[in-house]
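Worksheet: the structure to be examined is printed underneath.
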């Protein structure tokens, strides 16, 4: 099983414009991404990196242009095939590590990986029964990564994914991303730091 | 010995029974709590987490940080 | 055994383990004596056999205030002397105090029903105890609302002391409010002069219930200490996980990609 | 279905664990009701006449206060983003969250009602009537209050603003809830008429609430 269950997929945006709070962040943006490809969205602060990811995730409505995914599951919309890993970890401190993960696995649905195995992969296997509130920022980020592994989705939208991760964590994460790409997945990441894997650069905003 | 409790026997019996029940619940709760805490401690011990020696047992604000 | 010796929780646990059986035994014996004596106590010429409710109502009412006193002293211990066991004592006492206050209310209303013809009368004493009960519940909610016990301890200590200062004011206001409204016909509970045949069983019961509280409180404190131990161990476990994964990620990552590749 | 069930279970768990607000709502209810006699006096006849109104107001305020954090908490930790993106329609997710809230915070209020009825000198029948109207009416409070909670996320303001927005919406529920209870105690009216209107209000809010909440959450995406 490929885990993703799709053939080639292709994400494309044509003339995408974003307006936030009355201010035009960017406009006329064209971009493409294909299976097995990582796109690093770069640009100075405020150039709209996060906004672009949220547009793709359907969390913002574009002021113009279209974003489409071809070759994916025809029954699902684009956001339903995306994983969004934002600044916030979407974890409840009162629930245990395992409860947090299994909730998202149940709620997001779709093809599932093994939760225990994902926790082991990100290095949290000993912490499964601890409340998520006990975890450090880096550990919470690892738990969020376990969500990406447990629920299989072809498109990963990552906003500063390596924030709060230590060197070993970044290395581990690089392996996970390569693994995802080799299975025909796609990554769009907003980042300042190098992503740690081979990626195509998408510069948005005026060059500083 | 049988006491005569008068016309309001049920109120007297109820109040004594309620007191017994509430105290029993308190005792039961405390005993169950004790059992679950010691069980969790034992489990943590087994998973290899031990306190550093010489460290105070409670996590008062000063000792834990 | 001084207060300083008690500061060491491990020593406190050892002491508790030694003392608890004796305390429990003493409680049981005194309770048995008290119950026997209250069974033998004569009927009141006015209230009849319902006066027997008094033997259980008054000790609980006494404890409802006594426990708040204990918590206030413990709160001073937290805020002023920073005694490490003080907030453990305060936290452990709250649910027990609430239970005794609840019993005082319940037995009071069961006593009131034959006397007044209604379960609840907005009588000054009952009403004050009801407010006390609400304050206990509020305090318990405060302990529950904050995850970190050391942070909750300060807030709870302040609230307990404010409550201790406020309680007389509340009692006074309720009395005043009550006399303002209350028709004088309502019979006062207890009565000023208590006959010796009532007084002795009542005293024995009061002492027995106080001992019961001390026993339960020590046991609950022991639980609380253990709970915090569990918590700090879990915290350590969490940080240790990060450490081990830092050193072991290389190989684990290799495994992960192997597994995934095979899948 | 598993998704919705998972959401309900998670929300109930959070509400009942340390730091959760479910039981504080009951405590608030208790306190508000106990406060009333100090304002109106301990006249038992008067209290039993006002009883249903006092209980209903207390329940209204208690369920409103706990609603405040319903979406705000999920918004702050980013969960709301993922819920919005999921395959579960946002309307259903909102309904599941409201259901969880009602189970954790609304039902305990109804369980507490008999005790409070005792304090307000309501007899068994009257207490039962109030409990029944609360059982039928609190879902309406939760589901209309949810709209306010969703707006609070959109506007980044909680608390008082939400109360001001939601309280007027709950006036019909209050009217028919109290009317049905009064009908049992004093009223010339029958219990049936206002009670069935109350049930109808609840059913309508079950439909409107999730749609309005989901719509305002979508508008507020940011």
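Side notes on the structure shown:
Residue numbering begins at 1 within each chain, and the chains themselves are lettered A, B, C and D in the order written.
Note that in this section a contact is a pair of C-beta atoms (placed from the backbone, for glycine too) under 8 Å apart; a residue touches a chain by one contact, two chains touch by 3 or more.
Note that the coordinates shown come from a computational prediction; the quantities given were computed from them, not determined experimentally.
Taking the definition of touch as given, a chain qualifies here only if it contacts subunit B and subunit C alike; none does. By the count of C-beta pairs in contact, the leading chain pair is B-C. With every chain reduced to the mean of its CA atoms, the largest distance from subunit B is reached by A. Between subunit A and subunit B, the centres computed from C-alpha atoms are 47 Å apart. Separating the centre of subunit A from that of subunit D, both taken as means of CA atoms, is a distance of 37 Å. Centres computed as Cα averages put subunit A at a distance of 50 Å from subunit C. For this pair, subunit C with subunit D, the centres built from the Cα atoms lie 31 Å apart.
Under the contact definition stated at the top, the residues of subunit A that touch 2 or more other chains are 93-94, 126. In subunit C, the residues touching two or more other chains are 147, 234-235, 237, 240. Among all residues of subunit D, those that touch two or more other chains are 18-19. Every pair of chains that touch is listed here: A-C, A-D, B-C, C-D. Within the complex formed with subunit A, the subunit C residues making contact are 147, 234-235, 237-242, 244-250, 252-253, 256-257, 259-261, 263. Interface residues of subunit C, counted against subunit B in their complex, comprise 8-10, 13, 39, 43, 48-50, 52-53, 56-57, 60, 84-85, 87-88, 95-96, 99, 102-103, 106-107, 110-111, 113-114, 149-150, 153, 212, 216, 219-220, 222-223, 225-237, 240. The part of subunit C that touches subunit D in the complex is made up of residues 109, 118-122, 127, 130-131, 134, 137-138, 141, 144-147, 174, 177-178, 180-182.
Residue ranges on subunit D touching subunit C, taken from their complex, read 18-19, 21, 23-24, 27, 30-31, 34, 37-38, 41-44, 47, 118-119, 121. Residues 1, 3, 93-94, 117, 120-124, 126-127, 130-131, 133-136, 138-139, 142, 166, 168-169, 171-172, 175-176, 178-179, 182-183 of subunit A are the ones that touch subunit C when the two sit in their complex.
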